[in-house]
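Down below is the structure, laid out as structure tokens.
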């Protein structure tokens, strides 16, 4: 009997230790996460792994004495789930088209552009989109990088494909892949049918019609999820063309001696853009502004352009970038790269798009 | 209690008594054996084919996992070696798995012992409850865990990841051990008690040694579940990423698939090597103690 | 996990405990709970807690913004025909994969338990467990190189002249999802079946053979009834992972292999509709509970059948 009591007591202790452990961590994190306005404190930057370049973060930490904590997220959906669940962050990396639901949920705070040194130097095309600057003039994202979405095809396998209409309905042999993102793929098809091209111009009926058309296109072999996935699909002969791909895909394939070509579709390219927002309950707002300002500086913009070949939002990059790079990436005029460029955005009635998507990939 | 040579006995016996025309007994035996070998080879291909394929492509000088083979290179391994986030994520996963595995074994042993060696009210209910995490999709446990920790104000970190790994993995140990405990001869337990051992001594000296192989298999499974778990970690991790999360976020990048492949191949090789070495050591230790490991295995 | 203990062993257990009831009366009432308190407490806090929160969400209006008001709308939304279609698709894929899984795992477990000899038994079990160590995402890419249009199978078949053009249905179909699921979960099916097989006394099999029973009769009347509990445990362990996998459908499923877990993931992550997502989860759980219950009934009937 005595032994039994001792055993129970021991287990109770273990359990207490377990739950105690959790409480301690939460208390500890509280102190590390927010150090309220202290210039030499920490700033929590919740972003993609790709954005934590040492060449960008180290100079910031040295210059300001602010420590940057960088929890990485794997995709934008995770950002939303974690922020909703109360994850403490100051700066959040966001892409246009994804921020709408965060804004609606009150998870972001409007940005005071007077605290952003180069705000006025940002290309106008980067400021388009409801979730960047809304109709009331509130700024939610400071755009930093961008790039186009278009068509990639294998030039040795098919004749040039120059439009989404041709991609889906043209006369050629071979299969294609479409993006697994419902809005992207429905949008591509809507443009092929002559709707849009802006996402807000596509009506509910047109969404239904686009999904009907998608269901009827036999050559759609699969949906691709990530860039790495798409490259494998091309290289292993599964597909000859893909929608909503980036120039980088074609480049990576060319490095492997596969003759892939990126084309800006006649209907228009979609310009993706990503940048930084500030969390509604950010603990170190001052440091957040300083970090964003640092990422927007022409020097850091150049680092990203050189490392990843992204378009820069800050027009002052033209002062520091070598002329070849400016020409190669069209850094001078991101608003009109090749052809018409449509800013990426989310439809107002996203639920309808998603529900319709179920019919295609259900 | 157990005849360690049981399987061989059966084989001999069945060969001797197998009905059938005299002429074909040998042929039939050979045919059966051939079929069995073919079947096991097929299974081996299914289970290890992918590992071999990936190992081969990890030396291919191309970002494409597929033929044609472009040339030998170790550059993917070199690239992985130079990736700082990889090592911190590996360390994090290792830390979690090394804490989670013994915890799960303890919890699994305790619960399996209670469920199989005692008859008490609510036994069925307790067993069912412990089995529940096995039948709830991990996505749900992950999302639920995220909501739970955030509503209690706990900060997400490796501790929260570890806790959720314990929740999903120890019921598996309970399940595997219970199955094994049920077939242990109750008289063994009885004899131990008769000889004056109390419950815990019986557990420690009699039952646990007999469970060793199952415990080893359980440990491997739990380690693997924890080390490779993506979805639960994905939701409940904070600043530090675990290895599968690193893999997932790295695969987004266009050119990094072969690098991720190289490191995964290396890690699974290391794990296999570790288990083989551990197994050999265990066997030798047993032999020195005069026990044949097969006695325990057959137990 | 002791869902359906073998009745005979239960009897043994009962007899044992009856014998020793007097001796251990003081301790035995609480003793199991001493062992169980840790595991149960952990699950009560960190498993029932999270699920409880999800259950609350499933009855609340929480899409996008707002929280609070109680509603059944989430369940109404979750029971829409298009979700049910996906659910049916999911159950079909999972069921076929499970049948395939059992068809391979059962003989394999039998071979390991009774045929390969003690020398190979443990190494084979270890090999099985170890095959699971490869990162699952990466493993799926390996399957693409096997099943793909220019993959291993097509190349070999074409070289042998069996086919003229690559088989396109090998990948991005339900078929490829089933193959990948089966291969991924095989170890988890073999181990519990093996454990169940080992409960069979070898002498019983000998007796069956000595009495002239063929393999089918031996299987039907001896092996299967004696392993029914393990069979059931396997179904329970394997069916849920099969039904809730979404990496395989995403990477080899094409557009026809989409499964319910992808939809739930999308609802939780892509659309922030945690209410509908939770409701759909509980629908999925109810469905899989039904499958498990059904297999329990079948296994139960089978063991009753042979004990006569």
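Chains: A, B and C, in written order; residue numbering restarts at 1 for each.
As a working rule, a residue touches a chain if its C-beta (ideal position, glycine included) is under 8 Å from a C-beta of that chain, and two chains touch if they have at least 3 such contacts.
All figures in this text were calculated on a predicted structure; none of them were measured in a lab.
Enquirer: With chains as vertices and touches as edges, which is it: line, ring, star, complete or other?
Expert: Its topology is that of a complete graph.
Enquirer: Which chain is most remote from chain C in terms of Cα centres?
Expert: A
Enquirer: Report the inter-centroid distance (CA atoms only) between chain B and chain C in whole Å.
Expert: Spacing between the chain centres: roughly 15 Å.
Enquirer: Please work out the Cα centroid separation of chain A and chain B, and write it as a whole number of Å.
Expert: 37
Enquirer: What residues in chain C touch two or more of the other chains?
Expert: Residues 27, 31, 34, 38, 42, 141, 144-145, 148, 150-151, 268, 274 of chain C each touch two or more of the other chains.
Enquirer: Which chain A residues touch at least two other chains?
Expert: 18, 75, 78, 81, 229, 232, 236
Enquirer: Among all residues of chain B, which ones touch two or more of the remaining chains?
Expert: As it turns out, chain B has residues touching two or more other chains at 65-66, 143, 147, 151, 163, 248, 251, 257.
Enquirer: Taking the touch rule as given, give the residues of chain C at its contact with chain A in the complex, in rising order.
Expert: Its residues touching chain A are 26-27, 30-31, 34, 37-38, 41-42, 45, 64-65, 82-83, 85-86, 89, 141, 144-145, 148-151, 171-172, 250-251, 253-255, 258, 263, 266, 268-272, 274.
Enquirer: So in the complex, which bits of chain C are touching chain B?
Expert: 1-3, 5-6, 9, 12-14, 16-17, 19-20, 23-24, 27-29, 31-36, 38-40, 42-43, 46-47, 49-51, 53-54, 57, 104, 107-108, 111, 113-119, 121-123, 125-139, 141-146, 148, 150-152, 155, 182-183, 186-188, 191-192, 195-196, 198-199, 202, 205-206, 209-210, 212, 214, 229-230, 233, 236-237, 239-241, 243-244, 246-247, 261, 264-265, 268, 274, 277, 281, 284-285, 288-289, 292
Enquirer: Using the touch rule from the top, collect the residues of chain B that touch chain C in their complex.
Expert: Touching chain C from chain B are residues 3-11, 13-14, 17-19, 36, 39-40, 43, 46-51, 53-54, 57, 65-67, 106-108, 110-111, 113-120, 123, 126-141, 143-145, 147-148, 151, 163-164, 166-167, 170-172, 174-176, 178-180, 182-183, 186-187, 189-190, 193, 199, 213-214, 216-217, 220-221, 224, 227-228, 230, 243-244, 247-248, 251, 257, 260-261, 264-265, 267-268, 271-272, 275-276, 279, 293-294, 297-298.
Enquirer: For the complex, which residues does chain A have touching chain B?
Expert: For chain A paired with chain B, touching residues are 3, 18, 21-23, 25-26, 28-30, 33, 48-50, 69-75, 78, 81-82, 85-88, 226-229, 231-232, 235-236, 248-249, 252, 255-256.
Enquirer: What does chain A use to touch chain C in their complex?
Expert: 1, 4, 7-8, 11-12, 14-15, 18-19, 75, 77-78, 80-81, 84, 101, 104-106, 180, 220-223, 225, 229, 232, 236-238, 350-351, 354-355, 358-362
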